[in-house]
Amino acid sequence: MNLYRYSAPAAFYPIAGVLAPWFALAAALCALVGLYVGFVVAPTDFQQGQAYRIIFIHVPTAWMSMFIWLVMAFWSVLALALNTRLSAMMAQALAPTGAWMTFIALWTGAFWGRPTWGTYWAWDARMTSELILLFLYFGVIALRNAIDDPRRADRACAVFTIVGAVNIPIIYFSVQWWNTLHQGASVSLTAAPSMAATMLVGMLVMALAAWLYTIAVVLVRVRTIILERERGAAWLDATLATRRV
Amino acid sequence: MSVTERPGPVLAPPPGARGLADGATSDRAPDASTAPPGVLAALRWGLVRDLRIAVRSRAELGVQILFYVIVVSLFPLATSPERNLLQTLGPGVLWVAALLASLLSLPRLFASDFADGTLEQMALSPFALPALVGGKVLAHWLATGLPLVLLAPLLGLQYALDAEVLGIVAFSLLVGTPILSLVGAIGAALTLATRGGGSLLALLVLPLYVPVLIFGAGSADALRGGLSAAPNLSLLAAGLLVAIVGAPLAAAAAVRIALD
Amino acid sequence: MLEAHDLAARRGSLLLFEGISVQVPPGTALVVSGRNGSGKTTLLRILAGVTRPAAGRVTWHGRDVARHDPSVRADICFAGHVPALKDELTATENLHALATLAGERTGPLALRRALADVGLDARRHLPARALSQGQRRRIALARMSIGRQRLWLLDEPATALDADGLALLGSLVARHLAGGGTLVAATHQRLDLPADRVQTLTLS
């Protein structure tokens, strides 16, 4: 099977339309199962009580937030190297979801931190780099919106995404380094609660739900981007005329 | 590598001496045997030209330096003139002010070259664009970064910093401000021909400055805490090496995108 | 030989032109005309390799101009509608910077002679901000005369030039073509060129 064929927006548009509802359905099912396991089945933590249950949302979104930037960087490299339109559209479609994941991770992190460690915010390496990551997401979205020509926006955002991907580990490391110098004020966030098997299952199912949700949303968003950019293209008119889309 | 070599094919004697006779030879392919023009010559082109322009527009540079001085002087007024607090704040304030001053000067780097067509000529030159950009960044740092380094010990006196800490702050700025110019050049090139100019530039560049700020300000902090400043400075120097290699390439790519 | 194969360009979602193929042999000129917004400047920028075409490719003696090949670059002189001058630098310094950037090594005498040829001898030490639009254009002419590039890509070269300036441009272009050079000019004004060496392309 020639996967390369699907890299053309014309071929990808209908496939994405078929796949998106299935991914959305699978995401909803996983989320239901994951939330049930997390909030009903999993035992109460003997240290943190019920409050720890927010990690079933916090941890998967935090994973996704970082992973999405890497995926964007991957598509950006492809977009610059091969000049493929679809890979730049993928990167563009991922950014808002990445920003949301980062925001949810920060927000839930704060509400987890308050009952657990007595503070909404600590200048911990993970929290600080997550905050900077949120700024980077805002940056790439703002850069896209500031450039009128979509092709030029694609390539400018690709350069910024790659530079950001190089910087994120450095940011993480630097904040950690800085934090060890300032031990006085820090709370130890590294002592994760020892996890029961059911907790782990719940978390993994929720992570899977986050994945499937991201894929579904990105497929829908790429279709929107294709509609926007290819308006007037002959293939699009033909597709829209023959299919219920 | 010679800085005096002549790039490109040698076609004809100087203008005026050209005639029909050259026509016989001028349908040959471009001369592939000519070595590409030197990186040093390209660096020098950007450096000399931009320094000359900087010297002739001194007033603008003065404003940027004044901005630095004023920002540094505001912090004690906003907090407290208490000696211990000032000593704690001092290195960080000098660094944050340097970050802001650097940010303020970044639009100058490419904007006028973009507007007057020079950037086009650079992109079309036989010289390597990253090297031309590198020369410009070097000139930019000499004109806007180096004054901050030289002023820092003086301004540090406002914060009752002792000589050793002043020295480390100045040295960390010496290693760190070139990174600000290099990384900033990427942002300056990316925001060419965009709506939102200055604030967009800040949004793109300031998060990328975070490690520089941490290692830079951290070096003086470590010293005040009785530790060695060396690890911070080594990491800063490593960052400088990475930026020297990577940033001109990324900035040159961004310039080409802006011209497209 | 400059060859363009099946070029297309868009601005945003708007198609400027497509299916443009031209061959410009040495010693001849291509004049691109068309109303404002028809894509003359874009076509010239594509030929120079600054702008990427939406489709097609451009070669100079068989080599792709979009690659950043120094030997191709050294052969192309692109004069955009702004003459790439810095207000803070003098006429001589501006000319020197542009010539160096094009890979020329020029001494003070050559610079002075080139400026004298375009009638700027008396103003060679004035900063460019003190020069009129026409005089700034003349620096661009001096730069063309000093270089050895065999392909000239000129965007509206006649803009802001007076009668003397136009004559100067005409003689430079004639000498360039006679010497086996190639010229592509985008203009909506008439250029005085030898008819047997000119082809025209009108963008609609």
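In this document, chain identifiers A, B and C correspond to the written order of the chains, with residue numbering beginning at 1 in each.
The rule we apply is simple: a residue touches a chain if its C-beta (ideal position, glycine included) is under 8 Å from a C-beta of that chain, and two chains touch if they have at least 3 such contacts.
Note that the structure is predicted; figures quoted are calculated from it, not measured.
J.: Among the other chains, which touch chain B and chain C together?
T.: Intersection of chain B and chain C contact lists gives A.
J.: Taking each chain's centre as the mean of its CA atoms, which one is farthest from the centre of chain A?
T.: Centre of mass proxy via C-alpha means gives C as farthest from chain A.
J.: Tally the contacting C-beta pairs at the A-B interface and at the A-C interface, and name the larger one.
T.: Between A-C and A-B, contacts are more numerous in A-B.
J.: Between chain A and chain B, what's the gap in Å when you average each chain's C-alpha atoms?
T.: So the centre of chain A lies 33 Å away from the centre of chain B.
J.: For chain A and chain C, let me know how many angstrom lie between their CA-based centres, rounded off.
T.: 48
J.: Can you list the residues of chain A that touch 2 or more other chains?
T.: Residue numbers touching two or more other chains: 148.
J.: For chain C, what residues touch not just one other chain but two or more?
T.: Answer for chain C, listing residues that touch two or more other chains: there are none.
J.: Identify all positions of chain B at which a residue touches two or more other chains, and write them in rising order.
T.: 260
J.: Applying the document's contact rule, which stretches of chain B touch chain A when the two form their complex?
T.: Those in contact with chain A are residues 186, 190-191, 193-196, 200, 203-204, 206-208, 210-211, 214-215, 218, 221-222, 225, 227, 235, 239, 246, 250, 253-254, 257-258, 260.
J.: Where on chain A does chain C make contact in their complex?
T.: 148-150, 229, 231-232
J.: For chain B, which residues are in contact with chain C within the complex?
T.: Where chain B meets chain C, its residues are 4, 6-12, 14-15, 18-20, 22-32, 34, 36-37, 45, 49, 52-53, 56-57, 112, 115-118, 120-129, 132, 259-260.
J.: Would you mind writing out the residues of chain C in touch with chain A in their complex?
T.: 11-13
J.: Please name which positions on chain A make contact with chain B in the complex.
T.: 80, 132, 135-136, 138-139, 142-143, 146-148, 151-152, 155-156, 159-160, 162-164, 166-167, 170-171, 173-175, 177-178, 181
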